[in-house]
Each structure stands twice: as structure tokens, then as C-alpha cells.
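Heads up, the next two complexes both have chain A, just with different partners, chain B and then chain C.
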Partner chain A sequence: MDNTNIYTALYQENKELLQSLSPDFLVKLREDAMQHFIQKGFPGKKDESYKYTYLEPYFNNGYNKYLSPKNIQFDVNEIFHCDVPKLDTHVILLVNGFYFDAANPLKTLPGDVIVGSFAQAVKEYPELVAKYLGKYTSGDSFVALNTAFSRDGIFLYVPKGKVVEKPIQVINVLISDEELMVQHRNLVILEPNSQARVVVCDHTLSPNKFLTNAVTEVYLGENATFDHFKVQNEHNDSVQVSHTYFYQDKASSLRTSTITLHGGLVRNNLNIKLDGEGAECHAFGLFVTDQAQHVDNSVFVDHAKPNCTSNQLFKGILDDQSNGAFAGRILVDRDSQKTAAYQRNSNILLSDEAKMDSKPQLEIYADDVKCSHGATVGQLDEDALFYLRARGISEREAKLMLMYAFAYEIIDEIKIEPLHVRMADLIERRLRGDLTRCNNCAVNCG
Partner chain B sequence: MNETNDNILNEVTQGDYKYGFVTDIDTETIPKGLNEDVVRLISAKKNEPEFMLEWRLKAFRHWQTLTMPTWAHLTIPEISYQDIIYYAAPKQQAKYASLDEVDPELLETFDKLGIPLNERNHLAGVAVDAVMDSISVKTTFRETLAEKGIIFCSMSEAIREHPDLVKKYLGSVVPSTDNFFAALNSAVFSDGSFCYVPKGIRCPMELSTYFRINAANTGQFERTLLIADEGAYVSYLEGCTAPQRDENQLHAAVVELVAMENAEIKYSTVQNWYPGNKEGKGGIYNFVTKRGICKGANSKISWTQVETGSAITWKYPSCILRGDNSSAEFYSVAVTNNHQQADTGTKMIHIGKNTRSRIVSKGISAGLSNNSYRGLVKVTRGAENARNFSQCDSLLLGSKCGSHTFPYLEVDNKTAKVEHEATTSKIGEDQIFYCNQRGISTEDAVGLIVNGYAREVLNQLPMEFAVEAQKLLAISLEGSVG
Partner chain C sequence: MLTIKDLKASINGKEILKGINLQVNPGEVHAIMGPNGSGKSTLASVLTGRDYAEVTHGKVSFLGEDLLDMVPEDRARKGIFLSFQYPVEIPGVSMVNFLKTAINEHRKFKGLPALSASEFLKLMREKKEIVEISSNLTNRAVNEGFSGGEKKKNEIFQMALLEPKLSILDETDSGLDIDALRICANGVNKLKTAENATIVITHYQRLLDYIVPDFVHVLMNGQIVKSGTKELAYELEEKGYDWIKKEVFGTEDAQ
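Entry: the complex of A and B
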């Protein structure tokens, strides 16, 4: 199969438009990315990093691809009709990958924090964007594709020493009357000693097929703190390929959680580079799948400097014919002494047809390190089930309790209190099968 | 780690290779290079029946369509397959009827290696098949074994004398088309050991093959086939050494194990090929395909390996758990030092119901070496109640070595329980301190800790060899205390 041509043709057709809208540095980035993509093509069936998720067939001609926002009619109030109770946030809306509030593309929050449209930031702050954009992304074909085509997304800049008090909530809405492909690009820059929290939720508002190929880059300066939380709740006909890159300088601290409630095919690539002494990161992931869903989490943590700490915990609950995959790679570079790196992947299979593939990897070139990983695939504990049954709890309830307890380890890591309560509630309803499709923003369901 | 410790470390890891001598003996070789004529020539030299030649040619033709795989975490210099001599045999051919006819030089060689071929001086109850370069020199205790109906002989003999058994089982576990090196081996293999233990027989002694590379510029391609029929038990050990040379030599072997209903096979390897010198020059490339099948119900296969030699090791002794209630074990200690590289591990394929597997892998890397564990645990849809536990620990001695873990878990059945855990660390300063405080020198302390670390695996070896393996471990690590 070769779908590369579709995108080379699309690039040629829109070359002038893309160039007219991009400053020089971006024109060059796009050109290089396209060359790289043409050379490399889509990862094949045997490609080690996409071993369990073969994506090329989805990148076909069946989706409409727009490089400028299309006018979509819908009721904004419908989306915001209820917030997470007591969660006070700055809300940003992306519709089909484009910043929604066209009249007000860049906002300044207290403390000279800039937040808004990525496209607008490219126009207004080309130097700032040029300094960071694409500096630490990998040679992944999908990322190259995104670099070549992506026009808009979210931009966040937190100046030195500033703290964004309220979480920033990004809502990705997919709504269309035709099959649609969306590629957006998000850039987050945290200057030294700054702090921010971002909550992202993805959801689909129309039953059409969607294909998302998104890239997010986050740069944490010295001593910066970033809390990132993502809820994926798209319908079962959607395909999402999401890449997130975190670059961490000295003593910076990162927490990132990805919770996948629904989605047809989801592939999350999480890349963390610890490039300053004393940096630490905590990465969490949870997915609950049923029917024919497929969720693949791929994590790469690079300990490039000494004295860094990383911690990963990824869990999955799989029912029906669903497929899950996990690949976690920890790389400890030659001089990264005193590294502490942990990784755990646990999965529960509920049905005969569910399948889980797990691939935890350690690649270590320094000796004074403490690294460990563990992976398990199993089922609910018979003894625990019996204990509950013996106390008069029905089998269904007992199973739910055990699954909920299994998932709670991840939810417990959510440090934004109202969100924690909300997610706990959502997960419970998801496990009960009450949360069939998101009606609204994932954190607003209900 | 401070300087004194580094010095001790160096001392401990820089032991010399004891088996690097060359035996001066007339060797019959064929010209370098590989083509169909060479395959025919090898087959003719061994007086093989027609079916074997066909089998070899088929493998050779398939091999020509393949390219060497590159997925391992290894840096392998390009190998020129036309520069290798594919057949070398000590002259004086023919199988020796009695020990008196064996070239005394040869006897001395094996004596020096600690493998006496004289049955009176035998290693306590071990039957040995000694293989020098491409041919089997002598198989001891054949008569004793034959009384019980056990066939233990060289592969070439087996092909001539038991063609039915060979035809039935050769390639049944590792097909000639399995992979690049298996195809190469199938085309040019020269000898190896064959063993068949009949129904209900418990093999009374340890069986062993000792492989020795002697001739220069040659590759060694041997093939081992072990069959344990219903209810049989056999414990098997292989050892290997090679002379110290500047050029690299290729060793591409295939080992197949077949365990029928209620049978048990225990296969142990103490691999001590020449690892190259301290600058990484020379040494053996050890690219081996080993696989066993638990064919019948309640069968068991256990692999134990102590890997200390070879410049590059690339092998994955695997098990296919076909029979219901069958079980498999893999115990491994892999030590790499200086410029050595190892990418080793196992595959456990669960097909039958209630199958169990256990993996214990201990990697120790020192010097500038790289040591990887790579393993697959696959539970197929029909494998109800499969159980696996894997533990892979790595110990790093020195700051310039690398240690890697690449496990794959593929689970397709909800009743399966699969667990994997791995740790990587160096020897704790507190552990060393504890020993020092009790009057144990740092050097001894490291030896103690490494031995304790590897004990779980060493305990699985037959007694006679456990001692040898422990010494080997100490020698391989000589000069690397940290």
C-alpha cells in the first residue's frame, strides 16, 4: 500500500497557500518535513515502533482535508452548558483543529501570559515560535506530515516566574457533515520558574468519520512546573494519532495523564526528554476499551542528563474484541548517573477475544542507576471476587468494584480536585457502560 | 566509584582466556566459499543419503534469497560468507573404533580442556560427544547407553544409521527456512550430536557435547537433535571453546529438542567461546538458533545457559508449549566484558492448555560491553490458563557498559496470567560496605555478590558443571570490580 502520494499531491496543490501564510522559518520547516516524509513514507506493517498499530490504510482519500477553517454552525452554549462543578478554568475552543474565537485570536492573561491561536502566534511572535518549534521532535513520519500541513492549534506562553493560577482548558471539538481529517499543532512554552496547568479534552459532536493527526510540543524551562491532563472521548468511528513532546530543562517538573474513555483507534506517542539535572516527570495513562476499539500507548523517556527521575504507570481494561498495546522505552544515556527510572504496565482482559501486547524496554548505558520495569496481563483476582461475593455483593457489582479499584490508581494521581472527582465519576459510569458516547465536552458529560 | 575500586574492578575483569591454544594437527579443509557445489561436497564427504542432499540444497536456495537480519541490538561488522571455509576435519578421518586409534594430539587437546575421552577417567557419569571443527571425534559410553536403548551418537552417524528418525524430526522444530542462520546451518552443517531416548527410559547419565573450533578461517556449523520419547528423561550439557585468533570466526548452530508426552529434557550450556582480546579484536560470532517443542501433554523442557564467551552472542533458546499441562523454563546468566556484545533471551509460545513458563535472566555487563535481554511471551487464543513469570535483572559494573531489556508480551487469552519484571542497577555501595566491614576485601565482596546474584541460575546446572561455571564467572569478570 502506498498512500504517500495522496499527501505529496496535496502538498503540491497547496504549496502556495501554505507558503503565503508562513514566515520563512516555517516555510523551510514544512519543506524539510515534506522531504523527510516522502523519503520515509508511512511506517510499514513490520516497522518496530508501529508493530501493533498499522496506520497507513487510515490515511486514505476518504477524508476531506481542509487547510483553512470551514464555517461550522453550532451552538457554543451547548458545549459550555455545564462545567466541571467548581472547576474554574480559562476555556479555549478548537473546532476541527482551528482556533474558534476568530475575533480574539490571542489573549493576554494576568502576568503577561499569552494564550490563543497557534496560527496567530506564528504571525505575531515569529521569533519566539521559531526558537522552539520542532526543535526536539523525532523523525516520525506522522509528525513530519503534521509539520508540513498543520496551520493552527493552541499556543501558550508563560513568562519567567509567572504562575497561571487557573487551569487552562482546551476543548477539541470535531463536528462536520462529511468525513474529515484534522491536523493541529500545539506549542507550549514555559519560561524558567513558571507554572501552568492544562486540561485537554477531545470529543466528537457528529457521527462522521474523523482522522486526527495532532502534535503538541511543550518546553519546560529551568525549574518550571507543568501539569497536563488529557481526556480522549471520541466516537468509535474516529482515528486519532497524537504525539506529545515534552522537553525538560534543569529541575523542571512534569505530570502528564492521558485517559482514554472512548475512541475507535487511538495511538498516543508520548516523548519526554529530561535534558537538565534534577528534572522529574510522572506519566500516567489509563484506557478502557470494548467492542472493536484499539488503543496503543507508546512512551519514550530519554534520560539525557544525570540525577533525573522518571515514573510511568499505564493501565488498561479490555473487553469484547478490543485490542490494546503498550510500548515503553526508557533510555539512560552514557553519563546520566544517579538516574531513577520506573515503569509499570498492568492490564486486565475481560473477554476471550480481547488482546493485549506489551513491550516495556530498558536501554541503559550508565551504571549508577536504579531502573526497573514491570508488566502484567491478567484478569480480576478470583480470591478478591470470592471475598466480595461471600459478603452478599452481586457478581456484577463485585467485578465493577475491582475494576474501579484497578483504575483508581491512575485517577488518584489527578491533583486538580474538581477534575479528580469528575473523572472518578466518569470512569465509574464508563465501566458500568452508562457512558456510551460523549454528548459534550468530556469533562462535562452528563 | 573511587579509583581503588576501579583498579580492583579492572583486575577482576581482566582474566586471561585459558583455552586459547591451537592444536597442531593435520586438518583436511575444503576451499573457501559457498555455492551449491560446496553443499554437495559436504554431503558427499559425509556419505549422506540422497534425501539429506535434497534437504540441504533446498535450505541453501532459500538462504540465497535472504539477507542478514539487523534488528538485534548489536553492531556486527559485515560478514563475507564467501571467505569462510565450510568444512574442516582433523585428518585420519573415520570414526575411531577404540581410543588407541585417536590421534594422541587430539586426546591431549580434550584432556587440556578438561574433557577426558578415556572412559576410565571419565567425568563422573557423563557421556561425551567431542566435536572438533566439523566432525565428531569420539562419543564415549555409547555401549552403556545402547543397553538401555538410548541412541547417542554424532549427527553424521545418525543420518547414516537412523535415517528414519532423522527424517522424521530434523527440521521439525527449526525448519530449514526459519531464519537466515538456520537456513545457512541447514545447508552446510557438518556434524553435531544426536540423541534419542526411548519410551519410559530415564537416561542414567548426563549427556554432553563438547564443541571445539581449532582450524583457522573456518566456520563451525553443527546441528543437535534431541528426542525424548514418552515418559523419557534426559539431561544434556554442551560446552565450547576456541583458540585465540585475531580474525573473527562464525559459529552458527541449530539445536532442536522434542519432548513427547510426560517427557522431560534439561538442556544446559556453558558457552565459553573465545571472546576476543581486550581491544575487541578477534573472537567468535555465536549466532545460534535453539528451540524446543513440548509436543506431548505434561512434557517439560528446561534451558539453562551460562554465556561468558563469544565476541557477539545472538541467541534465543525458545520453547513451544504445544502439549496440555506442559511447562518450560529458561535460566540464563550472560556476562559480557571488554568489547563483547550479547543479545540473548527466549521465546515462550503458549499453545496448549494449562501451560506454564518461567524465565529468569541475569545479565552482567562490564568494560565497554553491551548486554541485552530480548524475549517474547506469547499466549495464543486457545491457551487456557497459561501462566508466565519473567524476571530479568541486569547488573552494571563500570560506567562505560550498557544493559538493555526488550521484553514482548502478547496475550490473546483472558485466562492468561503473564508477569514481567526487570531491574537494572549496579552493586550497591552499602552491600560492599557491609562486606568490607566484616573484613572481606572489595574484590572478594564483588565476587560474592555476583555469585549470589547468579545463584538462582547456577543452581539449575548439573553439579559437576555448576562448579566450573562459578569459576568461569569469576574469570570472566576478573578485573571489573566496581
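Entry: the complex of A and C
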């Protein structure tokens, strides 16, 4: 069967289930998304936006696709060992894309902050969800697929002027005794003048093949502040396609970091729309790859209004036969004067077989802007390496020091202190080739 | 301590060192002087294991072992220290982490346990005084944003911490003002013992007013063409290198 038809058939089979659990607006969103997907199909090998990562072969019949949560037996305590030590957070667990705590699907935190299951939010707050869901997502086929099928995920709502003091930690766990496809949907709404921090960790707890197609939408109201940090640490038999959309209103402020430690094939689509004057965003990314890993970061920053600032810094360290890609597009609309947009992509290749593609793309239609971009692909600095060795430091240790120094620029941007310390440690152990699974965890996630 | 026998080395097929012979004994200070392009820095590179120069002939033994067989880190651990002409800035690597790693690698090599945090800090404090290096420098990344003088002081500071048997000072005086020069030279003199030795590579005689050599060698066109005592350095300062070219090659054009 043609891969597109797999999903058409799946949709028809489950139409009743999908519609019975969806309010009218969602039924319509699903229908439209499915039509869009059928028309467009999967991006082909020559599709410009997916030219470094051809995904269709993975979206085949090989993965089980459950549209309702399956009962999975595992020890929750084991996962909570994976917690970042000393990081005082509200912890939320998603298992195979479904909210885990069925008894408490939505929690209210101090300040009437609502956090919990996306499916439950659709039920309890359909108008709120309808106002935002899918409003600024693009016409990407994978996103359409997610809209058509996703049932659950994380929902976070921060009312006007409220500040969520503790970071919210989302742990995405994949665990299964068969090959599994997971599509979850996360929605974050920050009303004007509100603030929140979210830490997301992706883990695989069983060795089966996993395919994830996740969509996260974040809406930052006027003057809202959002800190977003994601660490991807799935095993190397997993495929993850993740789409994150940030919509920013006036004077809102965003920091987002994505750190990829493990994972067989990872494609991150990061979309930021600066749609109010004075908005600013800082987007960071770091990946460390070896063996046959493939990591592709694709960033699109849309300066839709004047006086906005965007800053991108993405780095990669590639060993063995691993592959990396970075595509960074900045669009400055004609009326977006006084835009400041910066982009830097630096990569280190540690072996002759590692490969990196870097594609900066600036489209500037305004005339009073400050924009810069730069991309480098190189080796470790030979002079620095010799300097360290000439002081008695072994070649291996000297290389590790230089790689760590290269990565540190990104780690340094993590402003949540215990997380900073934890990531510094994880990166160091990742570079050393030690497993980066959490200290106390009994399960081998690496 | 160090014996260099008929050493020849090339860079990209071009012969730079054309048969060097040198014997350095414990307690001695040797100055190697020579005009630009004479092969001074290449000699330092070959002795410390920088791989862009290829040794084509000859032998170098250090404390009875074949030096040319060793990787740079082993040469350092066995007691060879190079004060770099251009110390490298390494953003992201902190001075403290760098120094601690270097010292502990030396200790491990000698079969000693790693220093504790407090022992390390104590050692740092002690050695800082030798080169009058300020604490805010050691809190930064390696050489990052250091002035020319600070970089050179940092080299001597590392020399004090690692206590080498043979120090090679490559153009330590270049880019230094007179105060920094005096501090660096004083540092080197304080570290001098009857057991260790120093090779001072320099273009000018200036540094040798402070670090007084036992022997002065003139390197020219890849060979040591003249050796003498410190008086030779004064003669060079006064008359330049041309008279030696004439004496050795019979012409002022050495090539």
C-alpha cells in the first residue's frame, strides 16, 4: 500500500472514534487536515524543506498506530528517578503520547494555572482550545497528519499576569513491547504578562522501534515570557519528527533550547512568528551524534512586525558516519523596519565520514534592518589541541576539553541552575561516550 | 640531559633544519639566537612534538630516551616545557580546569595521587607570586582576552606549576614591555635549579640581560654556525648578523 493510503485508511477506520471524542471545531480541523494531507502527500525526496531528511519510508506500515492509550505496565518510580536532581518542578508524564495520570487529567496550580491532559482540556475548555489550536501552524504534511490523528498531549494555560514559579517538567516516555508510532499534541497558552518555564525530556524505555510525530503550539500574549528547554535522549532505533510553533505577541520574550544527545533520526522543525512590536526570541540548539545518527534542525523565524529581535545559535558535533543538517530561514516582512535578526551555525566534524549540511536563508524585504548569519563546518582547532597536549594532557582528554568548550556556549544559555549543572554533566558524559542515562535510573535509555 | 645529533627536518618538503648538533646538561642555560627564518621556532616544534615539521634525519635523546618517538603529552610529562611564542586562546576551557587537568596528568604519570581541590588552590596561590599573575586571570578561559604580557606571564606561571626539567622559551620577549619582561625573566630565574635546564630562543639580546646564558648559539640557515658565551650575544647586538654570514658563508647573502 502507498504510504499516504495507509493513513487515509486508518482515518476512515477510526473516524467514528476520532469524531465522537472531538467537539465540532476539532472535527472540522481533523477533516481539513486529512484533506490537506491527502492532497499534498508526504514531502518527496526533492522537497526543498526536507531535502536533507527523507522521512516517508519511516511512515510505513511497520509501526502499530494506537489511537487510544494501551495499558502499559511499568514502575513509575523508575521514571521519576530520571528526574533532574535538585530541580523543583511540577512533573507531568506522557506515556506513548498519552497523559499518564488518568485520575487527575487536569490540575490547577496556584494562580489558576491549568496544566494537564490536552484531551481533557478539549473536553473541559473547548472554546479556549478552539481559539488557539492550529491557528498559526503551517501547511506541513506531518503537522496535518498530527492534527488529524493526535488525541492527547500536554495542555498548559497561564492566565493574565500570572507567573508559574516552578518549572513544569514534561517527561515523554516511550515504552512498548512492539513497534509503535506516537503522535501527540501539546498546547501552551500564555496570556498577557504571564510567565512560565517548561522543561521537556524525551526518553525511550524499551528497545523497540519508535516513530514520533509531535506538534507543540505555544502562544505568547503581550509581554509574556516563556523559557522552553527540550532534551532529546531517545535510543538510536527511534525516529522523531517534532514541530514547535511559537507565536509571539507584542514585547513577548522567548528562550528555547533543544539539546539532542541520542536518537536514530531526529528532525526538529522550529517555527517562530514575531507578530507584535518589540517581541524577542532566542533559539539555541546543540546536537552530539555518532554512529549512523541523523539530526536535522530546521528553523524558520518570521519577523512579521517592526522592532523585533531574533537570535539563533545552533551547534553540532558529529562523529563516525553520522549526519547533520541545519536550515535556518529568516523572513523580514516589508514593514518590519528596525528588525534585528542574527543566526549562527557552527559544527565540528570529528571523523572523515561524518557529514554536515548547513543552509542559511535570509529573505529581507525591509530596508532598515540589522541581520547577520554565519555557518561553519570544521575540525577541532589544531593549535589549541597541541597547546593542551604540550602541557601533558592526553590527546583524548584534550579533544574532550575542546569539544566540551565548543558545546559550552549553548549550555551556558540554560538559565535554570540545576538544569544547567545537569546538562553540563550529561553533555560531558555524552562526549566521553558514557551512557547519558540518568544517574539512578535502572533502565538503560541510552 | 638533551642531546641533539645531526637533526634535519622539513616543512612541506623544504628542508628547514639542516643538521643541528646540541648538548644541554642539567643546570645550564643555552640561548639560541638567529635572524628571522633561521629555523629557531621549527627547532622548538620538533623538540616538543608539533607535527607540521617532519624529521628526516638525526637523533634527539632526552634523559637517555629517544625523544622523537614520543607523543607531545609524554614529552611534557617527562619534563619538557615549551613557553609558546603565541600562546593559544581557548574559549570555553577555564584556566582552573586546564591547569588542574595538566597537573594531575603529570602526577598520574609519576604515580602520585591527584591533588585535592584545596591542595590545588594552595599550589596556585604559591606559584602565582612567582610571576605576579593576578587572580582574575586564572578565573578566565585559557588566554582568552589576555594582553600580550599576560599571556607570556601565564606561560611562566604554567612552567612554575609543572616544574619541568627542560624549559624551552620560544621568543618569550616578543611583544613584552620592559616591566613584563623583567617579571617573566625573574620568574624563570627563580625556577632555576642545578637539576633543570633552559633553552632561550630569541631574536634579540635584550632578554639575555635578565636570563643570563651559559652558552650562546647562533642558528642560521638551519644550522648552528657559531657558539660562544654571553659575550657573543653582545657582539650580535652590536654588529647584527651580517658579519657572521660573511664569516660562515663568505657572503652576506646566506641563501
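The definition used in the following text is that the second predicted complex is superposed on the first by the 431 of 446 C-alpha atoms of A that agree within 3 Å, B and C clash if a C-alpha of one lies under 4 Å from a C-alpha of the other, contacts with A are read in each partner's own complex, and residues count from 1 in each chain.
Heads up, the rule we're going with is that a contact is a pair of C-beta atoms (placed from the backbone, for glycine too) under 8 Å apart; a residue touches a chain by one contact, two chains touch by 3 or more.
Everything quoted here is computed from the prediction, not taken from an experiment.
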Exercise. Examine A:254 and indicate which partner it touches, taking first as chain B and second as chain C; both and neither are also allowed.
Key: neither
Practice problem: Name the contact category of A:389: first (chain B only), second (chain C only), both, or neither. | Solution: second
Quiz prompt | Touching partner for A:334 - first (chain B), second (chain C), both, neither | solution = first
Quiz item: Given the touch rule stated above, what does A:299 touch, chain B (first), chain C (second), both, or neither?
Solution: neither
Practice problem: Pick one for A:405: touches chain B only (first), chain C only (second), both, or neither. | Solution: second
Quiz prompt | Partner chain(s) touched by A:286 [first = chain B, second = chain C, both, neither] | solution = neither
Quiz item: Does the superposition put A:205 against chain B (first), chain C (second), both, or neither?
Solution: neither
Exercise. Decide which partner touches more residues of chain A, taking chain B and chain C as the two options.
Key: B
Practice problem: Would you mind writing out the residues of chain A in touch with chain B in their complex? | Solution: 48, 334-335, 337, 347, 349-352, 354-379
Exercise. Would you mind writing out the residues of chain C in touch with chain A in their complex?
Key: 48-50, 71-73, 75-77, 81-82, 84, 87-88, 90-93, 97-98, 101-102, 105-106, 109, 141-142, 158, 162
Quiz item: Okay, in this complex, where on chain A does chain C touch?
Solution: 381, 383-384, 386-395, 397-398, 401-402, 404-406, 408-409
Quiz item: What residues of chain B sit close enough to touch chain A in their complex?
Solution: 1, 71, 73, 379, 381, 394, 396-426, 482
